[in-house]
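What follows is a pair of complexes built around chain A, which joins chain B in one and chain C in the other.
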Partner chain A sequence: MSKQKYPTEPLQCWAKAKELREKYYLDYRDAHLKGGLRWAGGAWTFDAVPRGLGDDVYPLTSEPYGATIAHNKELALECMEATEKAGYARDLCSYMRIYWGSILLDKYPFGGGYPKPDFIWQDHICCSHAKWYQVVKDLEPAIPMYEIDVAVGPYHEINEAKIQYVADQILDGIEWMEKVTGRKYDDEKLIAAVKDECRSTSTWAEICSLNKAVPAPLDEKSMYSLYVFGTLHKAARWVADFYEEVRDEVKDRVARGIAAVGNEQCRLISDTQPPWAFLKVFRYLERYGAVSVGSLYTFGLEGIWEEKPDGSWGPRTTPMEKGIEIKTREQAVRINVEWNLSKPEWQHFYHPKFKTGMMKRIFDEWKLNGVLLHYNRGCEGLSVGIAENRLGLIEAGCPVMTFEGNMGDEREFDEVATFARIDAFMESLGFKKQY
Partner chain B sequence: MITAGVDVGNKFTKVVILGDGRVLAKSAVLSGFDQAAASEEAMAAALDKAGIGRDDVQHITATGAGKNEVPFARSTVTEVGAGARGALYLFPAARTVVDVGAEEGRALKCNEQGKIVDFAINEKCAAGAGSFTEAMARALEIAVEEMGPLSLQSTRAVPMNAQCAVFAESEVVSLIHAKTPKEDIAHAVHDAIASRVISMVRRVGLEKDLALIGGLAYNAGFVRSMEEGLEVKAQVPEDPEYVTALGAALVAAEKAGEEA
Partner chain C sequence: MQKFQEWFENRHEYAKEWKQRTGGKVIGYFCTYVPEEILYAAGVLPVRILGSHEPQDVTEPHIFGMFCPFCRDCLAQGLKGRFDYLDGITIAQSCLHIRQAYTSWDLHRPREFSYYLPMPHHVQSKRAYPFLRSELAAFKEAVEKWTGKTISDADLDRGIEIMNTSRRLMREVYELRKRENPPLTGLEAMYLVLSGQMVDKREHNAYLEQKLKELSERQPDRQTGERLMILGSEDDDTAFMAMAESLGTTFVVDDHCTGSRYFWNRVEPQEDRLMAIAARYIDRPACPTKDWPERSRLPHILKLAKEWNVQGAIVMQQKFCDPHELDIPAIRKYLEENGVPTLFLEFDVTVPIGQFRIRVEAFLEMLRQEDLF
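Then we have the complex of A and B:
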């Protein structure tokens, strides 16, 4: 039986998180009924910018949409098969295939057909991001699309010219948005959105920092249901406000020693998106008293971090905390660009060593016993360089287990083989199954 | 003290019965679709050879892909742990163990106590496992047992570029059409498998001695390719296929000792 070492209790914010997430998808679907607008783009796009078009403008971000469907194995397979039947290769990004399948089948998991966006507002992080909406436009040619190039190099090499390069594209994009929507752009709403984004992404980093505590107040399986808001609409005020509620609750859990996994004896992190249809991997780990306290993915996909004076990693100080007053459209856009370019999960696109360094930092500061690396066939962008990360982590003395799978395509995940690997890894770390 | 290890592999189920550290009997049957029935059958055969009854065995430990399907096992151990334990029992100086079975290849690095320091397992690719040899033997129209001796007759290395068993098979067919001698093709096949396995060994880091276990270690051609590729002499036990079951039997002996 399980050796309960710490008290546990459910998250109070859980029910609200479910409500907010459902409301997000319904608001997008029903936007036109209220005279509002719908736009689509990636989870990493500059979502603060469309907020300047009004309070009735709702996004649908593509990756979380793919993940939402991926959790429903039958629908995900139906979508992917529709895409493959249409002639697209099976080894493409699985979120992308699911998204395209949703258009091809004209199915929306929250009821009705696929709700077409009024415009596309996307940035290019990886090859798949670049192709994603190109195909959406092939399928729905009437949707206007604007794409932003952010490939200006790693954050530590940032300079004024690079920030301006991205900012200029956004400033042009604002004029484009006015043209395609017929709406007048409101700079005050943009400024508010930029502030909300800084607040939400910094607060998420703070929540993740609280997981340095032993026992961990959050497990990664639960964190997936919370980090997702940053991927849905990080620049929304309701997201920033909700994250502050979550932070207060997690702080309270730390103060009272409430554990996510009551038999915690082994602390791990994972990497990249998990195989969404097989989150029971995390439950299996718990049989060893092992808790995944997060990952660079959950921490840094939307969380914005900085090195603190004591050398540790913590939430990035916001412009508001620094007393910076944002007065103009240009200033707001530049702050938003600089903030986003510091995103941890953007760095490893330039070299795997940046990711290895951040993972080693997490290994030390979050007091880990090991790292689970997902060779994720479904995401070219986040999987690139993982084998290098493995080598780097092992050289740095961090035990690593790899497993192969796919975040969205269950056909590429072998549950039995993965559990067997976990058994071997736990054995090598010296942990025994407790139940 | 009598204990037993049951290794339910993807193709064969093996049983080793140990009596006071000495192998009393071994048996192997095809795993088939009913792994529980296969384990019963293999166990019955081994008990019969040892001339003892099930009640004489103090502890039985299962391992392998179907370890949880063995109805009479009292404990389980991972394939990685059992393989290392068995290999070190036979070759105490072994620090790197390569275990290639029908469907899976593994490279294990362990310390002197047999504790796993690191391990690598082939991903979803048949090119680093024994079934690949079987497929290639079929393409060459020879028995799989002939692959090893035949390849040893080869004096010429023919490169095989395919990284995938499916493409490799079509490459073999092309070599046949090009009138390449069968022994050279067999050599190329073993070099190709060894190259996949060696990449796993390099992942964990080669540390001498190297032991080769698992069914593919019966194949002298594969052993040669491994030795040439790693530039090291490999230790190969007499019955490599049974080493993981032996490791499980050793674990069973430990458990029985703890229970006593």
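Then we have the complex of A and C:
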């Protein structure tokens, strides 16, 4: 049996998280019943901007939608097979194939057919993001689409021209949005949304920082159910408010020494999206007293960070905390752009050395024993440079285990082989299976 | 035309000899969005890094196997030391695949100069022009710092002239391929364009200028057969081209970055030279990574097919090439709706010539049947 070292208890926010998530998908589906609007875009898109169209405008972000279906192996396979039958390659992003399949099959996992968006609002950094919705438009040509390039180079090289390029595309997009929706754009609502986004993404980073504590108050498997709100609608007030509740609860858990995994004796991080149909990998790790305390993916996809005066990584100070007053549309957009360009998960697109450096930092500050790299066939964007990350981490003295899989396509995950790799890795780290 | 093949096949010897002869620096580039004008202005020889089409086992620790074989083949050349004469490397932002060849090269075969140029993806936005102009200014400054030489407007004019001459000459050669009996094969055209990516363009231009008249008067010693187009990912697979054309057909045009996309449009003069160069790269026929939100490639490809009187198109992609995988279903549908039959083939570092031969033969038979009715 497991050697319980620390007290554990369920997260109080769990039930609310489930309710909020379901409400998100139903609000999107039913938006038209209440005279509202629906828009679709990626989890990384500038979701603060459509909020200027009104309070009854609801997004459906594509990656979490793909992940939601991926958790249902049968439906995911049905969707992917529909996409393959339509002529698309099997090695493309699995979220994307699932998403297209949902359109082709006209199935929405929350009931009814695929609810078509009134417009598409997407950004582009990997090879697939803008093209994802280009194919959606091939399938549904009547949907107006607007897309924004954010690939301006790493944040440490940011300059006026880079910010302006992205900001100008957004400002053009606001005019476009007014045209295609026939609604008057409200700058006050945009300003509120930009502030909410800063609050939610900074708070999420704060929550992740709290996981530096030993024992870790959160395990990554649970974090997936919480970080997802940032991917659903990071600029929503309800997300920012909910994250503050989560933060308070996690702070309390740290103060009381509540562990996510009661037998914690080994701390790990993973990398990239997990194979969603096989989250039991994390349960398997617990048999060794191993807890995955997060990943650059869970920390940095929707968390915004900065280096603190003591050299450690922590939540980025928001413009509001700095006393910056946002007064105009242009200022709001520029702040939103600059904030997003500092996203950790965007840096590795330019060079693996940036990601290796951030992972080494996490290794040290979160007091880790090892790193699990998911060579994820489902996402070229987050797997880019991953082999160099492995080499870089090993060179930096971090034990690394790799396993191959696919976040959304279970046909590309070998459970037995992965568990065997975990056994060997844990043995090499000196940990024995406790149960 | 033999000279172009020799240049292509002896690219390393050429570059080493060029360095010795001129004392200049050589830079390897990974993507045709790199503004060679600025490099020629600086007196640097840009050479495109391509693979060798040999099976290799050196890149597995560096690039995850789900990325395209082309990027791994390119990196293998660096890891094997075949480009050790390079003084610098550079890439303009395009796909994630080739980017990894650049970053791994940067990590494991560092050169005295390495530059990542954030070429904008949203080339359909007017906002891309000033942004790329500012990035070109930064690139120019970095090249100046590296070479220790200021690049003047006159230098830029010279760089533009060299590149534009090359583009004009290649367009003239492609015009000849519109003829009922094109004076050169697709394979010869491939050698011509590829060698232009590796040889000092002043030398290449001079030789091509001289050859153009000869080409114009050349009577092909073979039947043209079916007029094919080839399009898709990076393609320097000369073995495939030779095999397909040995079946009694001729490639008369292409849409590749190793082909027409590389030289299609010219720099249109402007007082602001960097803006002129920026406009050329933004307005060029797009790589699929940059072809959004509209599918501008579709009308461009169809126009090529119509103007070069194409009877069928071979649509190829490097295995795992996401950008092309995202375009190919739309391209095939569009071409077929417009009366151009297509054959899809997935390429790797080496291609299964025997199997591909059967597939190309079947495709040609299908085209020939159409002729019967």
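FYI, the second predicted complex is superposed on the first by the 435 of 435 C-alpha atoms of A that agree within 3 Å, B and C clash if a C-alpha of one lies under 4 Å from a C-alpha of the other, contacts with A are read in each partner's own complex, and residues count from 1 in each chain.
Criterion: a contact is a pair of C-beta atoms (placed from the backbone, for glycine too) under 8 Å apart; a residue touches a chain by one contact, two chains touch by 3 or more.
In this text the structure is predicted, and so the values were computed from the model without any measurement.
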**OP:** Give one of first, second, both or neither to describe whether A:K137 is in contact with chain B, with chain C, with both, or with none.
**Re:** second
**OP:** Using the superposition on chain A described above, determine whether A:I394 touches chain B (first), chain C (second), both, or neither.
**Re:** first
**OP:** Go through the superposed model and pick first if A:A161 touches only chain B, second if only chain C, both, or neither.
**Re:** second
**OP:** May I ask you to decide whether A:P117 touches chain B, chain C, both, or neither, giving the answer as first, second, both or neither?
**Re:** neither
Subject >> chain B versus chain C as contact partner of A:Q169, first or second or both or neither >> reply: second
**OP:** Examine A:R421 and indicate which partner it touches, taking first as chain B and second as chain C; both and neither are also allowed.
**Re:** first
Original post:
Looking at chain A, does chain B or chain C touch a larger number of its residues?
Top reply: C
Original post:
Touching A:Y375, do we find chain B (first), chain C (second), both, or neither?
Top reply: both
**OP:** Check the residue A:G101 against both partner chains and state whether it touches chain B (first), chain C (second), both, or neither.
**Re:** neither
**OP:** Look at A:L92 in the shared chain and tell me whether it touches chain B only, chain C only, both, or neither; answer first, second, both or neither.
**Re:** second
Original post:
Do any residues of chain A touch both chain B and chain C, and if so, which are they?
Top reply: 375, 390
Subject >> Partner chain A, residues of chain C touching it in the complex >> reply: 60-64, 66-67, 93, 95-97, 99-100, 103-104, 106-107, 116, 118, 120-122, 125, 127-128, 130-131, 134-135, 288-289, 292-293, 295, 319-320, 322-323, 325-330, 332
Subject >> Contact footprint of chain C on chain A as seen in their complex >> reply: 86-89, 91-93, 124, 126-128, 130-135, 137-138, 145-149, 151-153, 159, 161-162, 164-165, 168-169, 172, 349-353, 375, 377, 380-381, 383-388, 390-391
**OP:** State the interface residues of chain B toward chain A in the complex, per the touch definition above.
**Re:** 65, 77-81, 115-121, 123-124, 203
**OP:** State the interface residues of chain A toward chain B in the complex, per the touch definition above.
**Re:** 375, 390, 394, 399, 402, 404, 412, 414, 416-417, 420-421, 423-424, 427-428, 430
